[in-house]
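Okay, structure first, notes after.
A, B, C, D, E and F are the chain letters, set down in written order, and residue numbers restart from 1 in every chain.
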Amino acid sequence: MIEASVTRWLAEDVGAGDLTSEIVLPTGSVADLLVQTREDIVVAGLDVAIAVFRHCEPGATVEVMTPDGTRCRQGAAIARVKGPARGLLTGERTALNILQRMSGIATLTATYVDRIRHTKAQLIDTRKTTPGLRSFEKHAVVLGGGRNHRLGLDGGIMIKDNHIAVCGSIAAAVARAKAGVPFLTKIEVECDRLDQVRQALDAGADVIMLDNMSLDELREAVALVGGRVPLEASGGVNLDTIKGIAETGVDFISVGRITQSAPCVDIGLDAAVTA
Amino acid sequence: MIEASVTRWLAEDVGAGDLTSEIVLPTGSVADLLVQTREDIVVAGLDVAIAVFRHCEPGATVEVMTPDGTRCRQGAAIARVKGPARGLLTGERTALNILQRMSGIATLTATYVDRIRHTKAQLIDTRKTTPGLRSFEKHAVVLGGGRNHRLGLDGGIMIKDNHIAVCGSIAAAVARAKAGVPFLTKIEVECDRLDQVRQALDAGADVIMLDNMSLDELREAVALVGGRVPLEASGGVNLDTIKGIAETGVDFISVGRITQSAPCVDIGLDAAVTA
Amino acid sequence: MIEASVTRWLAEDVGAGDLTSEIVLPTGSVADLLVQTREDIVVAGLDVAIAVFRHCEPGATVEVMTPDGTRCRQGAAIARVKGPARGLLTGERTALNILQRMSGIATLTATYVDRIRHTKAQLIDTRKTTPGLRSFEKHAVVLGGGRNHRLGLDGGIMIKDNHIAVCGSIAAAVARAKAGVPFLTKIEVECDRLDQVRQALDAGADVIMLDNMSLDELREAVALVGGRVPLEASGGVNLDTIKGIAETGVDFISVGRITQSAPCVDIGLDAAVTA
Amino acid sequence: MIEASVTRWLAEDVGAGDLTSEIVLPTGSVADLLVQTREDIVVAGLDVAIAVFRHCEPGATVEVMTPDGTRCRQGAAIARVKGPARGLLTGERTALNILQRMSGIATLTATYVDRIRHTKAQLIDTRKTTPGLRSFEKHAVVLGGGRNHRLGLDGGIMIKDNHIAVCGSIAAAVARAKAGVPFLTKIEVECDRLDQVRQALDAGADVIMLDNMSLDELREAVALVGGRVPLEASGGVNLDTIKGIAETGVDFISVGRITQSAPCVDIGLDAAVTA
Amino acid sequence: MIEASVTRWLAEDVGAGDLTSEIVLPTGSVADLLVQTREDIVVAGLDVAIAVFRHCEPGATVEVMTPDGTRCRQGAAIARVKGPARGLLTGERTALNILQRMSGIATLTATYVDRIRHTKAQLIDTRKTTPGLRSFEKHAVVLGGGRNHRLGLDGGIMIKDNHIAVCGSIAAAVARAKAGVPFLTKIEVECDRLDQVRQALDAGADVIMLDNMSLDELREAVALVGGRVPLEASGGVNLDTIKGIAETGVDFISVGRITQSAPCVDIGLDAAVTA
Amino acid sequence: MIEASVTRWLAEDVGAGDLTSEIVLPTGSVADLLVQTREDIVVAGLDVAIAVFRHCEPGATVEVMTPDGTRCRQGAAIARVKGPARGLLTGERTALNILQRMSGIATLTATYVDRIRHTKAQLIDTRKTTPGLRSFEKHAVVLGGGRNHRLGLDGGIMIKDNHIAVCGSIAAAVARAKAGVPFLTKIEVECDRLDQVRQALDAGADVIMLDNMSLDELREAVALVGGRVPLEASGGVNLDTIKGIAETGVDFISVGRITQSAPCVDIGLDAAVTA
């Protein structure tokens, strides 16, 4: 699957040909590329970046200093790639683009995770990912210490206010879900109020989402549910608020920002090319 | 081309089926979706978001209040979509994901452009885009008031330090490029120093990039070149520095951040579903 | 997704061209096709068969007498399709092939379901489907009255003897699963013996599969678990044994045969072609 | 072409990831798989099953005991596959699904062929195959001792009652076919009655199909044609009737059941996984 | 199938965008295109050219003056296409490229066919076609009055000297072919000498190719075979020699040049664009 | 990219299988193929032809005598390929088809280039290429000594009479182009008259095309422009006229014929097959 994505990305960038490499670089030129981080990061996407280089130059030599999932200090060498210059320079930008983006997500995820490490709460992601990069971004979340919520619309039932409205009640919506859902898939109900939490619990929801609740409401919900099903807090979570939310006793906290708004981290690539 | 991307994105999110819509929503349910911005933005990607909804429900009714390229105030209604609830709710997340991301880029681009509006300098993008979203992000840059640099590796020759080193000189590298480049494609040379600018000019470069130069160096380069070829300033450009750079008299300023680090803007979608 | 499959199937059958239709049928010939069942069936795949005809002749007129999911007596008319003869005769065989196969699965599923209708047990399918037809066959199971187990390997965790062996214990395997599984996905443990059932329960499995157990063992497992998690009976299930298994009190019974060994049902197509 | 199918099948089963293998199996686990038949079969699809395993684990070691086309007794070992457990267990179900299905077809074909071995008649298949598996199923027929009729609609002209009706006569339909058919492709005419056989012969048909004729009619047709063109008997052929049909002297007997209704054979896979 | 090819061709030409149309043409511009031939031709590929225009502008209005297969005099109007200028000008070059090429083949084919119209010989094509355009070029041959040989390697058995050598004899090669060939496919044997013709006839070949024989040899072969199987003359056929070859009494003459060396004919497109 | 094309071409030719190779050639047969030219040529497409053979038989041994770009005399050996006969004979026709076509283009290009070698003018190609073969044909032009114009519609702006008409003037059309064109892409204006040349120059066109001008007009245009921008002569260029055109002092001459009407050159393939 990585291979299919890499093929598509390179087709996008190369189009009808990498004119500069093909025309300017002498045949037989060799490149020695050193990938280094210019800030503190959690590495993610190195495997993918290497797949980009290998796609361009199957015979390239790759040395990995800090594999995916490693926390690195500014200045650390991440990997070194050597081989024919034409292909490696063709792939360079695409390799960096995915590496900087995935490492950005892993790094921001780790920052969030660090804030709640003293609690039992786990950080989970959302479906707010970049179109086309879902699996890459969800993998970066895991490398940063987070967990995945569901991988896509086939990975779980999420009953929201609209479903409840159109079915008539939480009980009715959950009943429809239970009758048709594939056997190994859970049913989650999104609740805005405590009475909904009670109804979801009675209806047999597998998981309950507490949406945009105050810390007091979260605490009440935790007490009400008493560990019978896992609770997910969602909405308004940022680096300032997450600690307080985690300390209410919820099991999971979902954060859209870790995939939606993580800036690319600054990873550099120094290339030495010789004829 | 939009259609092919939309198909892939929805396949990514839907996988083996949108379990919630298929199982919980009664057949015949109808949705009325209102897309509204929760912050000041430049709209971009609305056409694409609509293509997502139409892919899911070809018969949906779409009303556009603020077409792509519009500057909107917080709270403005952007579009309204009505049709069968199953398909529209299936597409909702994907539609928002691309709309929020493209509008994020257009909005940040406009912020940069606003800083240099009093000069002749134009803002241009780079190849630092999200793998798979090149054309969407470059289009968002244009909607935000920027210009495109090249669309991909087939859209121009960029001679950098490595090409110069392996060819022996700027003159030699440009000569190779001139001999082989397709007739309608320009040749740009990246220069770190003023003597390189002089060499590039003599070699017949079509465009010269001034990489990471001080404001004084930029001014000297502008004077040296005297309008014979366009000059692009690059490196270290941010919202604080761009005004000064533009005032040196360069023709173009390229900024990677507008595609690399634009956060998704906060656009909401309110859905009313009826049986 | 149906459209992509139909395109592939027709390409497979047509190859470089439907020589007979193109050469022998006069331009402008019109066909009137009547689809009738020659045995008692549950209709499944009619929507897909119609998609085949429409792919060949977008302007064909289709009348559906017995939609998908209907139980039909031998001789019942299922649908009537009229339009240009060339395209309809090109699609005829492919349309019948999928209709006969899906209806075969739905019909056999219904036969199984009828045997256990007096119990609370539900019939579920397996991953023993025809490569390339997973979603079609799983949909046929639902039309026949069964439920889906998981749609694919991303739809649930199934811990089997090998996983237990290599992890050291059921507890260890379930712990690994719980730490990494996406949040809305269940964990099932396959157990051959009652002590394993106890371990799986203690480990926090969401579902327990009772593999190839005797009726007595099944009853003991049901008593042991006491409704805390759903139980799936599996192995050695056929039309003779399923009633007894269902009466032990298990919640689900999985049957590979409904997709693996359902013969195509005999559905005929009478065509009248006029110039 | 096998590779493209295997890729599609695995995508179908794996979806967003084989959660169980990725999460539960420790990195570095090794699997040793033994494929054995639990009934008497003709092996078919082993090459394809191996392609599935190799797709998942290119470095797997494969030992083939009974290659495609071999008749095996119950209990015979068919093949052994060793390699990294994650990939091999991911591919296991898909590999078995195709192997059991193709071997089912080859085994049923061989049963039919055995009934007519004392005659000159040859068993041939039809276009009644599973959508998407045409070439695999036709290959299984050959491995079981049958012959292929045509591979698809581009592999021959089949003139049926409808073509005759719309063209006005067998002579007119065959004349149209002869004028336009690619040079190396035969023309077959489907006949229900002896006078049609005579007309088809006079019209210059390359092959004549005798559709649903009684044994007496078949014998008369054989006498009438006197070896000038090959004769295919079709319709109502099963294990009870095929011997009699073959003994009438026809050249070919086509049977839809060998592909439409062959149950999967019972082939097991024992896996030993070690860390 | 046409649609898939058109999509690929336009992607090839358009790449990341038709810059000229998108940037220079005002939104809402309308084009009126008149397609006219500048030499005497047989029209072929007009349907495909129209598919190109419709792909670019689904709402374009198309008027066909001389449909595919028409012989046209220099200056004749072929078709007129009106609609949004952006899309139509994007497709113009691709539409003309295929129309000029296919019409070139049809025109050259007709020239050959005209030379042998007084004989019973028919002109047939070969597999010497442009990679990717097989079906388009074979269709152009038919429009020019020729016949197709086989559509591809699955459309017939061709036994050549190498097959004969490695099998030991013509008889042995034909026997292998007869045992395995799909039932509706013919077997042709390529013969250089008359004794081979005799052997091929005895072996039961369905068709005999006479390769590079003199007119005397061709006449002898015709006499020898006496109408029992069709004879194809091949090799050294051009506009000077074809009449003599046809008059020897052979049934078919194959000519690679009609697809390999037909120049594009001169068809012009006059466009009037208004804002 | 070559690989994707080769896969498609072979699928086109092979369809459901190479019946002759699979059925007639004994398993284990080995082929020794010698590719030789039967006329004087410039070799082009040999790399692609070899990719065809390697696709069919990855383990084939290939010896290249005259690599792409070599001028060869009639009778010269070009390459030798050895390996399993089944695959190599399957690929033979496709390999020759592309090799003969690309070498035809390179050879004709070289003939044109030879006529203008004494001038500074360079030969360039057009977009008049075979649909689906753009990059192959443009590469053949380069191997024959020509240059590429633009690779596709994304490789440059071409302002023609229609654009000028709808924009109001050359100045207006060029202004639109300059405002929107990606930074590294040139703008060319097609001119029929000298006053247009003057306007294009004033408007700041990067390149000017002189369309169908007389030799006198061309000379005047050269004088008028005085080297400020490159000039391309176009229209009515053939082997008789090109020398005169080149001697007017234009910089580039574009010729559609080199891709539109180059006949395939006669390259033969002698195969020796042994069991």
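Basically, a contact is a pair of C-beta atoms (placed from the backbone, for glycine too) under 8 Å apart; a residue touches a chain by one contact, two chains touch by 3 or more.
The shown structure was predicted, so the numbers you read here are calculated from the model rather than taken from an experiment.
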| item | value |
| --- | --- |
| Both-way neighbours, i.e. chains that touch chain E and touch chain B | A, C, D, F |
| Fraction-based call for chain F against chain A, same above half, different below | different |
| Greatest separation from chain A - chain, by CA centre | E |
| Chain A and chain C, separation of their C-alpha mean positions in angstrom | 33 |
| Distance between chain centroids, defined by C-alpha means - chain B, chain C (Å) | 45 |
| Separation of chain C from chain D, taking each centre as the mean of its C-alpha atoms, in whole Å | 22 |
| Junction residues of chain A, two or more chains touched | 15-17, 134-135, 151-152, 154-158, 180, 182, 185 |
| Overall pattern in which the protein chains touch one another (line/ring/star/complete/other) | complete |
| Contact set on chain A toward chain C in their complex | 124, 142, 147-151, 154-158, 180, 182-186, 188, 206-207, 230, 232, 252 |
| Interfacial residue positions of chain A with respect to chain E in the complex | 15-16 |
| Touching residues on chain C, where the partner in the complex is chain D | 5, 8-9, 12-26, 29, 31, 85, 89-90, 93-94, 96-98, 100-101, 127-135, 151-159, 162-163, 165-167, 173, 176-177, 179-182, 185, 260-261, 263-264, 271-275 |
| Chain C-facing residues of chain E, complex | 1, 134-135, 151-152, 154-155 |
